[in-house]
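Dropping the structures in below, format is structure tokens.
One chain, subunit A, links the two complexes that follow: it is found with subunit B in the first and with subunit C in the second.
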Partner chain A sequence: MMDLATLFFVWGLASLTNATPLILVTLGETLGQRTGVINLGCEGAMLGGACAGFGAAMATGNPWIGMAAGAATGLLFAALHAALVLGARANQLAAGIAVWTLALGLTSYIGRAFVGGKVEALPSLAGTWLTDLPIIGKGLGQLSVATPIAVLLVLAAVWWLERTRTGLSWRVAGESALIATENGMSPTLSRLSAVLVGGCLAGLGGAVLSVDYTQTWANEITKGRGLVAVGLVIVARWNPRLVLPVCLLFGFAETAALRLPAMGVDLSSYVLSALPYAVVLVALVANQITFRPGAAMPADLKRVFQ
Partner chain B sequence: MTGAPAEAVPMVSFRGVTKRFGTLAACDDVSFDVAGGEVVALLGENGAGKSTLMKTLYGIHPPDGGEVLIHGRPAAFARPADAMAAGIGMVFQTFSLLPALSVRDNLAMAWPGTPWYLGKRGRNVRGALAHLSQLAPGINPDARLGTLSTGEQQLVELAKVLNLDARLVILDEPTSVLTPAEAERLYGLIRAIAADGVAVVMITHKLADVEACADRVVVMRRGRVEGEGSAAALSRAEIVTLMMGRTARGDDPRGLPEKPPLPARPRPQLLLRRVSTGDQTSDARDVTLTVHRGEILGIAGVTGNGQTALAEGVAGIRDLTDGEVLLDGSVISRRRLDPRRKLHIGYVPENPRENGIVAGLSLETNLALRSIAERKGASRRMTSSEVAQRLAEYDVRPPEPARAAGTLSGGNVQKLVIARETGEPREALLMVFPTMGLDITATAFVYDRMVAAAAAGAAVLWISEELDDLLALAHRIAVIREGRIMAEWPVTPGLTRTEVGASMTGGPT
Partner chain C sequence: MRIDSTARPWPFSAVLLTTALVFFAVAAAFFAAIGQSPLKVMTDLVLFAAGDGFSREETLLKAAPILLCALAAAIPGRLGLISVGAEGQLHLGAIFGTAMVLSMPGAPAMILLPATLMAAACGGAFWGAIPGWLRGRLAVNETITTLVMNYIGVLMVNALVFGPWRDPVNLGWPATARFPDAVDLPVLPGTRLHLGLMLGALLALACALAFSRGIRAERVRILAMNRKVGETFGLSFPRHAVVLMALGGAVAGLAGIGEAIAIQGRLQPGLSLGYGLTGFLVAWLCGHRFLPILLVSILIGGLLAAGDALQLYAKVPASSAVILQGLLFVTVLAVPGLLQRRTA
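Showing the complex of A and B:
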């Protein structure tokens, strides 16, 4: 039996790996919601990204091309959502579900050709300066390069929202489109760009999931992670800083679900695979009880539910 | 307190500005000047056209006739953004600020000098804070705007306007949201801005504002300039007379109904005992009133002095923080009591289109809303012939029971609400600004029904700004100001509108 510190470290690394796709999707959804757009279609964008990314990586043998294809596909699905919501003024929830089910159908159809395909994963951190760090270096070497990229993107999003004028205009758009207009900003432009960036991140998250993490394509591979991301945005209180810890919670639960049987815990695999979702549910409820509900919610989002 | 030199071209000149909404002339041939460095108080009752006039200048309602000159050159702004670019800033009663963002972010979003990179802790937008730190050095720029008091938020809004290098600042009822101490500070700031050469127009109905910081007074009434002069030269009495009009409307063609006679032995029916809904000036505070059976008690006051809170408190929509309401001897303001007691009060709310009807539902359903609340069974609901009869009786046009209520005109919406609220006998009737925005015939109809309800024995509590109408129809008048009842008189021929008006605006009584 490993000592507790080592166990914690190993599980932590595994959780980070598990959580990487989710971090990207949740970050993307956070950005969109900060401008006042809820995109349930991020599940679709993620699914599309996973499918297209896997196909591209399989065909070219280059995982980076898979990443690019995934992000581009996520962008397309997000563009569809934006066209429905910002262009046609459709209901955001209905439009999101439409995009999601469209992606579900398309990926099931197109993805049949990818079942059993082989792809190369992204490089790991082995051999970089990170592995020279004492104690933790060896462990870090097992991580995929996707993980630090996701972490850096989170930091970049925080910087973008808080330190740039464009980020400020995104936040203003999320609080009140009217006041944004009164102050000479274009809330529609802010929303369009944030939704598109969010779609890219969701697609990228999907591609990381299929190409790098599971290295297989399976129908409905995302297993609702995109929708979990929508819930996690609330748990993270629309704060990109909190995306990391909140996603790690889900990743940790998933790690537990995968590793507990090997440690002799005798639970039905069905119960175990439901564990991460149950954890999110508990976190969501606990969050609602602990904090004033909706206190941190961008004010213009409330419009979606009216 | 003198303005700019007389030979200077005025900062702004209104020349015969006219603005119509339908047949109503909100502004009618308005002309006056504002010079740089001058503070002009634009006075008038609600609906006198003050705000509309300023909105014609600010590009919200382009004028239908006349013109506005800026520095002697004609200017017509189609959008507020154009007016802002020309150096005109307006501080509205509802601020254009975001409570969830920091003070700094709120200022940075409107400051033309905001660079793309804001810097660590907003280092690069310090310039946006310059005016605020002069106006209110105590405000922490990192604080969330929503944590600031209303007065502080107003200063942030003012700083935002000054950040646009405004040469003309328009303040819409700036002191209505302020505590007396905050108002004092604002007066000082207005003087300081004017000393820098900025022209200031302050829309107000408070004489205290005029005395504290105005150089000149322009009084509007019913869309027209009723008079103007230097603030020092005009007495309070003269200003009140200009605001309220010189004579009662003896020649008014609207044909007010006869005041109903009071019952021989008046019996208290609706009692308010020390009713409070909070401690803002827009709350009812410590209001004690008695309305007798068959009596009309008029509450006079300028909008925003607690009338809405008082009415909602009595109607049971808003919780009371203190005091109680009694109807026919039993308390109806405690939650645990049978809520159906409240249904003995007819309630004609302010702004009936928003508060009195369900716009998407039919006339028939809207008429039946109270029966639904009273949980009458299907047998007790109105039959379709009764609905048709009720619509005809109250002259709701068009009298189509299936039509959506939201498609009716304002007057007909009000008739529909009154049909529901007074269609069956009520012990008390509560009417809040019931004729606001209505034409002459609809107004006469509303008053007819109010008088009929009183004659049928209801205790009528009537909140209004129409002094002439109050004097003509109410048995007693009470004045509400800043949520408190300031004075109360039985209506006698000796009671003048000047006396009531002075009490409404805080002048000497």
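Showing the complex of A and C:
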């Protein structure tokens, strides 16, 4: 019988591993929404990234090429969303669902060739200096290198939004396109770049999911993680710093769903699989009750939400 | 970002025609890309969708759940809500309806069938009312909640048919016992066209009437146009949100039990072939107008039915139908906006 501290540590690491793809896609969605674009199509970008990333990793035997292919595919789907929203001025929520539908069909068409394929996972942290740390080192060695990369990208996004000039113009575009234009910035350019970067991150998240985490391809492998990400951005109050804890919540629920049966909890695995989604719903509602997110919402997003 | 109001808009018919032409071009390019002759696939699609009596029946059978799911999106859509929850509501409807069938399998059709349909409508309404209430009272975005609740609805069906509802006679196959004959939906004599389709058509007509005239229609219209104005007249947005979402959910719930009864004769996984999302697409295409929805549902039903046939005879993969739906949706969102932009 493990003591409580060990159990907590083991579950925490497992949650972090589960949450890594979600952290990437939620971070990407946060950047887009900060400029005033909501992208439900990040589910499609993630799915596309998972499919293309798996195919590329399978063909080349190199997981890193899979990551690059995933990010590039995510970028393509995000470009489609940007074209619909910024070019044709389509409704943002509908455009996202259109991109998602297209990705559903395309990945299930292309992915037929990948069913049963084998890929090599990304390297783990075993053997790096991290494993020399006292007490936690051994556990950290089990993590994939994707997890620290995701955490570093979160930190980079915080720095980008808060410390750089371009980051400032992104935030201004989200608050008011008018003020951005009056100050010589191009809100459309800001939105375009943020949506494209977000698509890259979603595609990368998808590739991490299929190549590194499950190491298999299956239709609809993302199971709504991209849609969940759109909700979690609200819970994270559009703050990239909060992306980590909020995604860990989902990851923790997934860990519980996977590990509770082994601990003697007699519940259908399907009921347990619904747990992470239920947690997201509860988080959305609790967030709305305790704190009117309207205050933190980028002002230009309100025209989409209301 | 609004469209310059001084720009002369294109006439609706020109926009429609251009959109249709662009879609056909895009679809032809797609067929060419997957190594099929565009002309042959398109003529095959029409033949398999409407070429003979059997395929026309198949088209209408596929149209039934699409029509009901499109209504489920369009009814709250009239209030300006974007509900993508028909998939989950469909599954909840199937669960509630099945519970009724399993609880009194020996009851006569006169009682069992109406009770089952009522239960299914209640199940869907329940699953629709939750996001409606959350939107109305707490301003939680309904698009996100309905999408997340879809996954929960599908998993609940799986939990039941892999668990307590699995019929031991099935030797491990996850499905309930076969439904009794008493619950069979009445069909048009000499065809396979069942009550579900007729119910969908009647509901579409009823909605077209109810949402075009009368005081209730006016209230919904005012609230949709401007919530604040509506509320100064004493109209309650939260109450309308709950009621319309529940009504939409009830309609989707009927689609769920209809599929379980008419297509599978029992509740089992794979109840819906993405009808919720397809229905959303149809509703959006039609601008949440009910009579066009009736027509477009049949067109898309034809596409799906012909897609099944093409998969069998021409080895065109089933996913092509989903890709075409995605291309259609993208075209419909892109073309009108781009046309207006050029004139602006």
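As a convention for this text, the second predicted complex is superposed on the first by the 303 of 306 C-alpha atoms of A that agree within 3 Å, B and C clash if a C-alpha of one lies under 4 Å from a C-alpha of the other, contacts with A are read in each partner's own complex, and residues count from 1 in each chain.
As a convention for this text, a contact is a pair of C-beta atoms (placed from the backbone, for glycine too) under 8 Å apart; a residue touches a chain by one contact, two chains touch by 3 or more.
Because the structure is a prediction, the values reported are computed rather than measured.
J.: If subunit A is used to align the two complexes, do subunit B and subunit C fit next to each other or clash?
T.: Taken together on subunit A, subunit C would fit alongside subunit B, as the superposition shows.
J.: So, A:V280: does it touch subunit B (first), subunit C (second), both, or neither?
T.: So A:V280 only meets subunit C here.
J.: With both complexes superposed on chain A, which partner does A:A90 reach: first (subunit B), second (subunit C), both or neither?
T.: In the superposition, A:A90 touches subunit C alone.
J.: Is A:L80 contacted by the first partner subunit B, the second partner subunit C, both or neither?
T.: second
J.: Of the two partner chains, subunit B (first) and subunit C (second), which one does A:L102 touch, if any: first, second, both, or neither?
T.: So A:L102 only meets subunit C here.
J.: Compare subunit B and subunit C by how many residues of subunit A each one touches, and report the one with more.
T.: Partner with more touched residues of subunit A: C.
J.: Between subunit B and subunit C, whom does A:L168 touch in the aligned arrangement: first, second, both, or neither?
T.: first
J.: Note down the smallest distance between any C-alpha of subunit B and any C-alpha of subunit C in the overlay, whole angstrom.
T.: It comes out at 6 Å between the closest C-alpha atoms.
J.: Under the definition above, what is the set of subunit C residues touching subunit A in their complex?
T.: These residues of subunit C touch subunit A: 1, 3, 34, 82, 84, 134, 138-141, 143-145, 147-152, 155-156, 158-159, 162-163, 274, 277, 280-281, 284, 317, 319-327, 329-330, 333-338, 340-341.
J.: In the complex formed with subunit A, which residues of subunit B make contact?
T.: Touching subunit A: residues 80-81, 96-101, 105, 108-110, 114-120 of subunit B.
J.: For a test of understanding, state which residues of subunit A touch subunit C in their complex under the given definition.
T.: For subunit A paired with subunit C, touching residues are 40, 80, 83-84, 87-91, 93-95, 97-99, 101-106, 108-109, 112, 177, 223-224, 227-228, 230-231, 234, 268, 270-271, 273-274, 277-278, 280-281, 284-285, 288-289, 292, 294, 305.
J.: Would you pull the subunit A residues touching subunit B in the complex into a rising list?
T.: Residues 162-166, 168-169, 171-172, 175-176, 179-180, 182-185, 296, 298-299 of subunit A touch subunit B in their complex.
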